[in-house]
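In the two complexes below, chain A is the common chain; its partner is chain B in one and chain C in the other.
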Partner chain A sequence: MTRVAAFLLRRRGGKGWHWTDVFTWMWLIGGVVLMFGPAVWLAGSSFKSPAALAEFPPSILPYVTAEATVEGYEKPLPLYRVAGEDGETRILAQVRRIGIVAQMVDPKAPGEIVKVNIADRTPVREISFATENYTEPFLHFDFFLYLRNSLFVTLMATLITLVTNSMAAFALSKYQFRGRSFVMLLILATLMVPLSVILVPLYSIISAMGLFNSLWGVILPTVATPTGVFLLRQYMLTIPDELIDAARMDRASEWQIYWRIVLPLTAPALAVLAIFSVVWRWNDFLWPLIVLSRKELYTLQVGLNTYAGELNVQWHYILAMTVVTMLPVVLVFVFLQRFITTGIAGSGLK
Partner chain B sequence: MAAQPILKKAGTALAAPVAWLAALIDPPLRGLQKATGLNGMAAFFLAPNMAIFGIFVLFPLVINFAYSMTGGSALFLEQRTYVGTEQYERLLTCGNYLDKQSCTEDLFWNAAGNTAVFVLFQVALMTVFAMITALILNRELRGRGFWRAVFFFPVLLSPVVVGLIWRWILQRQGLLNYLLHQVGMEPVLWLTDRFWAFAAAIMVSVWAHMGFYALILLAGLQAIPKDLYEAAEMDGTRPARVFWRITLPLLMPNLIVVVVLALIRAVQIFDEVYVLTGGGPGTSTMFLTQYIYEIGFAQLIRNPGLAAAASILMGAVLVVLTLLQLAASRRSQNAGGGK
Partner chain C sequence: MGRITLDGIAKAYGSVDVLGDIDLKIDDGELVVFVGPSGCGKSTLLRLIAGLDKPTAGEIRIDGAVVNRVPAADRGLAMVFQSYALYPHMSVRGNMAFGLENSHMPRKEIEARIAEAARMLEIGPYLDRRPGQLSGGQRQRVAIGRAIVRNPTAFLLDEPLSNLDAELRVTMRAELAALHARLKTTMIYVTHDQVEAMTLADRIVVLRAGRIEQVDTPLNLFNKPANLFVAGFIGAPNMNFFPGTVDAALPDGLSVSFLDGQSAPVKADPGVAAAASGALTLGIRPQHLHLAQEGEPQFPVTVTLVEALGAETVVHGVTGGGARVLAVLPGQPEIAKGDAVALSYKRDLLHAFDGDGIRLAGN
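Presenting the complex of A and B:
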């Protein structure tokens, strides 16, 4: 034990603990609690029954009061631990409660009713995961549709983004033509035109094209990402031009050069853009909220917001569906975060 | 491990039709190439992306000005009536600029004021927290990749998920009030009290985005040459002096990027706060983007002209901020190059 502690507390150079070391570890450990804690708490709560969710103080694990079916009673009765006068505790089922007196029966001998002061009894609790929080919204609400719409939007938008952005990046990195720098400047300038500035005219254009209340209306305005073009172009610039000249000598067409030579060599940058695009499109909220007004077309984010905005919020379903919505991004985080964190550190894009 | 061959098989199965498709369009493209030459092919490769750009970004940007000078509730421009600068006047007219109640469009001034206060506090807090985190992550730590990931986690979450996570924690009987209860404090109505709802909006958005800015600063810190620190150590320079004289000046370009990016994003704040508070209580956490959304889309009688005018005013602020960034980064580059 002490060797483990010595190993963990060992510092470079073997000097003692400076206050900055203490502060560093407090910040890091506080960071773990603060950054992961809220999401973990939400995920834990999502397995609780509505009754357990309403409890205050809240418990960490999803407890429910145990119940038992007793002969002669239709509904299952809640079980309580009752301290008898002789100091022995018995487990009794409660039939009804009148004021501070509970009428209880022994499940083994249901004939005799025992009267117990409610202060003398504590509920028998057992851990139970309310998996119906997850299954119900898919079976009885539209969440299956929302999931399908979100998947469709995310995959289609990412696919189109990869194709159009890489084509544009290819043209901007491997061809000399007049106005090239103007086109590049134009693309970078659109970085400064956020969605919230062009909401009204964009909406009217989408409507004029008949794409209002269509998933394509959600997909198309988002696919020509300037960051994607920029990222891919920077990467393609590092591909030697000799390679392309050699291919031209061998009578390869420009399309073949793009498709068979440049694209495979750009794979790492394409992978980074694909990850980004999946996260962006999966998380999009404001634009789908405006374009989609028919319920069956909602994406998960819009559907979730709608259910959470109802007057009588059904938290047990909301929490479970939030976890489902969070899941793909958590998977990206677990398996691919190294790509992203180094990608951002390298290029400062988001 | 078993998943790998399956994935590979699926990959090749998927690649075959795509490759076939690519091969199929090659002959007509060869024809195109013959007809137009290399530059023609450049235009061909640019076309899809630029068409989407043009239709969905540039064109809307241009007609947004036209929208802002028309009135009525009709959606399409040709059915709208020209009103000149009326919408702007409506947004900007106030009896007394210190009292938002005296403005014609008091909701707009409320949103603008809220946004200004929000931007001020959120960007300041964000920069300070990101800076501390970056300095700490830049130390010699075991498992640095893990710690870096920790602070980055919330950045990936969707704004709706962020909003709901914190709504769940900040609700009346939520985790935070339970923790307060544990240390013997009174529960706080986090989301229904004007002051606390505003504070919560700031804290939640800092929580959600801080890791991104910390990474940019970390990249800047790691680019500072190590021998500068070694020289300072040999001279026996105090750590505080090292920070002010070496770290901060050399980090300045990254710091400016962080501040301006944070400013630009904070001005447009909408999603997570909208899910968290819905702009409430009352209109105390309603910001500019939500105002535009409500006026242009959510309310019963929409007013696209007014929403367009408000969005142009917001866009003007964003352009000014971006120009400031360009100027500042040019100045810091010149200062660096001069020495």
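Presenting the complex of A and C:
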């Protein structure tokens, strides 16, 4: 612990504070707040009841007003801290509120109604996690169906992405042919075209192919990624050509060279692309929303959208399910971060 | 069977001529070494034979059949690459089996061949390791093993020893020679190291700038270099060259003067002798110079550097006329930098080249 502290707290100015120390701390703390703030807010809010969500100013932890069952009243009554005229603070339960006067009752002596100005009372708050935000959707929302669709789309799309992109990368890195650079450039140029631009033509293609309202309609248009081809090609360029010559001398067919020599050696870059692809496809929203109109085909992200109705947005469910859908991606990054950084560095610089 | 014939082979990359006019016959069981300075096209020539590149002109025949259009895989050749090109993700066994599996050989036969090669090359203990876990010498053996199991008609070796340290290179060189003696398979060996070429080769092909300069046995190359390039390239340290002039024609050659008043007869073919007039170049190998005795023809040299190697001493010097001289003297003569010594030579070991650098005589 002391070493960690020493590492974290060491300063350029030695004992004093150099201005760069101050700047670094501010910068990093700012970064942490910027990056983690929304995530923390999301996780915290996902446990809030709808009432707590509507509260202003918002709190980070999910607070609710404490309630108590008082003899003579059917429903539990909310508790308030009331400063009496004698300066003593008592905890009273509110029976009802009329204008600016609250009718309150002491839980210990339920017979007597006390009238209190609402300015003189503050709610007794306690932390309470609204776990039903999580459990309810599992029971009433088709979470598992959506999860299955999402998994199918993510895994299939990733698998096909890896195979097609690596084949393209193999051809573009290991074969000499006229127009090779042009083809590569063309592929990279598609990076400049965002999905929203080709949405309509893509839709008509999918529709013409009869893939509308089919998970394959979600999968197929996304599998050829210029980023993936570029990433893999750069990595494959580092595989020595002598290996391929050796395989040719070893009577390997071109397919065997690709499948048994080049592909295994590209594994680090493939891992990176797989991680990216999983994250991309898992988080996809716009395209599945367009292609899928039948509820039983929804992916998780589209399914979440059903909570946002025209008149009523069920924020508590949206937030809770957002946390759930975020988890796999977070886990992927936590555990595979090493591959991502080494893979990108390796494929870009070598 | 492993006769390889090259007939008028040329190779150009775009407008750059890499190889041209390559005619060569390699007999079955022969170990031929391609040698030359870097960039001379020797590796390209090997790749043409292997089928990894296509010649722009000429014919390649293996056992009489033209193989220009036959892909590398079907030429029945095996190649050992400079970087070994072992598949890093496969075990040693996997590396050796890969080529055989691709020919759909039965598992048993593959195992037997690998066992045989492993025994021959003493790599049995490493069969299940990955190439990354092996030392340079072991990787070299595996690369050779991968070639051997194929039972090829000929081995093509592209600078196979250049990645090894000096000591290991000597050992592996001897092992390669022994291997060739045992397998009696045709081998084509590319190197820029003339010691490897001299020690291994049945015949050496000296290449320069994409052209064959001379093809002959190692000793013939050393004793009768066909031109100035071969004379300078083969033999270490390099041959001394001195400009000379023709004094007179002799019945079987020329009388030549060189080095400020030295004069010697050199043999030359009659036709050549007549053609050669005026300037020519004389060559003496450093090993053929010795400290002059009384009465011998001699020339004075000022010593600029002495490299004592123990068994022999390399003396660098300058003649009165300013020509640099290298002499390899046996033993440990007492010579120091700045000394003036007289060197002598054997007249019958002189090499003479005409103005175009072509050998005049077969001394």
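By our rule, the second predicted complex is superposed on the first by the 237 of 350 C-alpha atoms of A that agree within 3 Å, B and C clash if a C-alpha of one lies under 4 Å from a C-alpha of the other, contacts with A are read in each partner's own complex, and residues count from 1 in each chain.
Just so we're on the same page, a contact is a pair of C-beta atoms (placed from the backbone, for glycine too) under 8 Å apart; a residue touches a chain by one contact, two chains touch by 3 or more.
No experiment lies behind these values; they were computed from the predicted model shown.
*Asks:* Looking at the combined model built on chain A, do chain B and chain C fit side by side or clash?
*Replies:* When both complexes are placed onto chain A, chain B and chain C end up side by side without any clash.
*Asks:* Going by the contact rule set out at the top, does A:242 touch chain B (first), chain C (second), both, or neither?
*Replies:* After superposing on A, A:242 lies in contact with chain C but is clear of chain B.
*Asks:* Of chain B and chain C, which one contacts the greater number of residues in chain A?
*Replies:* Comparing touch counts on chain A for chain B and chain C gives B.
*Asks:* Touching A:27 in the superposition: chain B (first), chain C (second), both, neither?
*Replies:* The first partner, chain B, only.
*Asks:* Can A:256 be said to touch chain B (first), chain C (second), both, or neither?
*Replies:* both
*Asks:* For A:184 in the superposed arrangement: first (chain B), second (chain C), both or neither?
*Replies:* Once the two structures are laid over each other on A, A:184 reaches no partner at all.
*Asks:* Would you check which partner chain A:201 touches, where first means chain B only, second means chain C only, and both and neither mean what they say?
*Replies:* Only chain B is touched by A:201; chain C is not.
*Asks:* Could you say whether A:265 touches chain B, chain C, both of them, or neither, answering first, second, both or neither?
*Replies:* A:265 sits against chain C, while chain B stays out of touch.
*Asks:* Looking at A:95 after the superposition, I want to know if it touches chain B, chain C, both of them or none. Which is it: first, second, both, neither?
*Replies:* Touch partners of A:95: none, neither chain B nor chain C.
*Asks:* Scan A:151 for contacts with chain B and chain C and give back first, second, both or neither.
*Replies:* neither
*Asks:* Counting only touches as set out at the top, which of chain B and chain C does A:229 meet: first, second, both, neither?
*Replies:* Touch status of A:229: first partner only.
*Asks:* How far apart, in whole Å, are the nearest Cα atoms of chain B and chain C in the superposition?
*Replies:* 9
*Asks:* Which chain A residues contact chain B in one complex and chain C in the other?
*Replies:* Chain A residues touching both partners: 253, 256.
*Asks:* Going by the contact rule at the top, pick out the chain C residues touching chain A in the complex.
*Replies:* The touching residues are 47, 50, 52, 71-74, 77-79, 81-83, 85-89, 98-99, 102-103, 146, 150.
*Asks:* What does chain B use to touch chain A in their complex?
*Replies:* These residues of chain B touch chain A: 22, 25-26, 29-30, 33, 38-39, 41-43, 45-46, 48-50, 52-53, 55-61, 63-64, 67, 75-77, 132-133, 136, 139-141, 145, 147-161, 164-169, 173, 175, 178, 181-182, 207, 211-212, 215-216, 218-219, 222, 239, 257, 264, 268, 270-271, 275, 278, 288-289, 292-293, 296-297, 304, 307-308, 311-312, 314-315, 318-319, 322.
*Asks:* What residues on chain A touch chain C, complex-wise?
*Replies:* 240, 242-243, 245-253, 256, 260-261, 264-265, 267
*Asks:* Quick one: in the complex, what on chain A touches chain B?
*Replies:* So the residues of chain A in touch with chain B come to 12, 20, 23-24, 27-28, 31-32, 34-36, 38-39, 41-42, 45, 54, 56-58, 163-165, 167-168, 170-172, 175, 177, 183, 186-187, 190, 192-194, 196-205, 207-208, 220-221, 223-224, 229, 253-256, 258-259, 279, 282-283, 285-286, 290, 301, 304-305, 308-309, 315, 318-319, 322, 325-326, 329-330, 332-333, 337-338, 340-341, 344-346, 348, 350.
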